[in-house]
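The next part holds the structures, each set out as structure tokens.
One chain, chain A, appears in both complexes that follow, with chain B as partner in the first and chain C in the second.
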Partner chain A sequence: MASSFCSSIFMQAPISAKTTRFSLQKPVSIFNNRKTNLSFSLHRRSMPARLAVSCAVKQETVEKVSEIVKKQLSLTDDQKVTAGTKFTELGADSLDTVEIVMGLEEEFGITMAEERAKEIATVQQAAELIEELVQEKTA
Partner chain B sequence: MAAPFTLRKIGVPPNSANLTEARRRVFDFFRAACRSIPTIMDIYNLQDIVAPSQLRYAISAQIRNNAHITDPKVIDLLIFKGMEELTDIVDHAKQRHHIIGQYVVGEGLVQNTGNKDQGKTDFLKNFYTSNYF
Partner chain C sequence: MRIRVMSQLQRSLSIELPSLVPLQLPSRMETHLWFIRPDEVKSTSLLKHYSQLLSPTEKEKVLQMRGDELKKNALLARTLVRATIARYQTNNAVDPKALMFKKNMYGKPEVDWQNYTNCNNPPLHFNISHTDSLIACGVTVHVPVGIDVEDKERKIKHDILAFAERFYSADEVKFLSTLPDPEVQRKEFIKLWTLKEAYVKALGKGFSAAPFNTFTIQSKVGTKGEYNLCKMTEMTASSLEETNKCDGEWKFSLLELDDSHYAAICIEDDEASGGAPMRVIVRKTIPFVEDELISESKLL
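Up next, the complex of A and B:
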């Protein structure tokens, strides 16, 4: 539901860009006023990064992360890796955690700052950070 | 693609005050090494031979080899030597067969003694320490 709201914002932004070009014509301007107001308020709401983070983490990101974690720690198939699993539960020490983070950097083509990477303790946090960085990169 | 990582040569920093700072330096060194891996694979044409994850494993294995050390100054020295090795590799001062022999997992050209076991028998232990026993 949250993701559809996100996509609806992006949908309306290009439309408002086209209509502003015709703002000089009278009949369109009345119609336009409503639309530009709407677009401005929407634009303001889409600015803060809060909106991007509040969108749910994609399942495929979580799966890719779990895949990398499994390979790194050489886990057997019956050891379940879910979104909430902590790396230390799976038998990883601090060096393993850093190595997992580096593996994720390589996989997704991002660079994580050291302070943020230190906070990562579960698969969920890693997936969230990755999504944030990927969105910043493509934005 | 993220901006390519360049290894910046900084002068020798002062010794770490405690184990926490030494630990932080170890991780910084590890991160620098891992981020240089794409460059290394490019320089020595290792694309067909080894995957980046294997190189990461080799680096972490070398670090884990010395994981039992608790003195921050010793850790600093080990990091310094590691940094020296990394700089040599990135500067193309080594050759392909060196990298393959030392870091691509396998028998290798150089026998890895690992943790130097001082001889499994008492005889050998005494032998290594002195001539007379």
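Up next, the complex of A and C:
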């Protein structure tokens, strides 16, 4: 099962350059005399966006995702959907998950790689992935 | 043929559940497919008995399901797995409650035989699949198995070809686009889905090991219910075209269950099979209550 990407700074997507996991507690000086202290390369276009990602997603994104999920699974009013709700708890099977992904792609104008899409287990994870992809698109 | 097991106990299940009727193991290249219809299990006392078979983790998972119907189906799925596997222990009686499960490193569930020192434990493999109205469990020996079931009438909320173009292989899109009738197209789409899911589940290495658009499943010409798997190989430096490699490493079977569902089964081919097709024995069941052998499984 995919872990929430909030638990670690580096992304789940494959990165060909060596990645360095760094802790939030230690202050990292990025520029020192105009030279970088970082041991990994910053040449990848999307790196700055990744470093800047916050783990809090917009409530608006969570709500849009919840709406799409409710529609796909034909949920009743008493089946509440929150950020932490797992799709499987709502009775979603893999075909439902893929349809939800298609709905999200249409709504947000993004494309999710199949392997990542199928790993989405909660509304929160979907919202995080969406915001990451939207950010990459506009970066 | 319907086998009623201790039917008098059905009327009053306030006493213990009867012991399970043992089963003969599947032979090589044979899959036993068991299914249960949740709407046929109405007795709350039977469901209470079932819940006592589950491990604490399983009970917790059942309770996490949102809605009573989903809870009931989750309970029946675990019961189906435990009660069915326990029946195959032909040497010693196995208590379904005592069975332990673990996951392989990719998350595929399997039986954990660590508590049983009896070396005669058969190398049983199983896989389950659920829909709202039917839960199925496939069982094999020696070879991994994957199954997927879908309601025949399931409506896809997106355009079928757009969906296929997004997720299926180019050859499968080509095949689907040749079908003029939208209903036929929808049915073939669903059949393909179940076959592809069954393969990925049999492989047991997670979704990323076999993205849907990297392999094609097509029916074997001149057969009924037999399918081929063709994988896209990497483009070689010398050839600019992707080639399809079709191997017989995996066997497929697609059938219609109870007139309402498609069921796809995928097993790893045993070299000793000599290319013979997979045999499937289908049985409808209510654990501890009755089995019904479905003598004519409709191959598609």
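In this section, the second predicted complex is superposed on the first by the 86 of 139 C-alpha atoms of A that agree within 3 Å, B and C clash if a C-alpha of one lies under 4 Å from a C-alpha of the other, contacts with A are read in each partner's own complex, and residues count from 1 in each chain.
The rule we apply is simple: a residue touches a chain if its C-beta (ideal position, glycine included) is under 8 Å from a C-beta of that chain, and two chains touch if they have at least 3 such contacts.
Keep in mind that this is a model prediction, so the values were computed, not measured.
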Using the superposition on chain A, tell me whether chain B and chain C clash or fit. clash
In the superposed arrangement, which partner chain does A:Ala139 touch: chain B (first), chain C (second), both, or neither? neither
Touching A:Leu95 in the superposition: chain B (first), chain C (second), both, neither? both
Of the partners chain B and chain C, which touch A:Glu119 in the superposed model: first, second, both, neither? second
Contact breadth on chain A, by residue count: chain C or chain B: C
With both complexes superposed on chain A, which partner does A:Gln79 reach: first (chain B), second (chain C), both or neither? second
Touch check for A:Gly109: first (chain B), second (chain C), both, or neither? first
Note: overlapping chain A surface for chain B and chain C spans 71-72, 94-95, 98-99, 102-103, 114
In the complex, chain A residues that touch chain B: 71-72, 94-96, 98-99, 102-103, 105-106, 109-111, 114, 137
The residues of chain B that touch chain A in their complex are 1-3, 5, 23, 26-28, 30-31, 34-35, 37, 52-53, 56-57, 60, 63-64, 67
Seen from chain C, its contact residues with chain A in the complex are 64-67, 70, 73, 107, 130-132, 150, 154, 156-158, 163, 166-167, 193, 197, 207-208, 211-213
Within the complex, which stretch of chain A touches chain C? 1, 71-72, 76, 78-80, 85-86, 89-91, 93-95, 98-99, 102-103, 114-115, 118-119
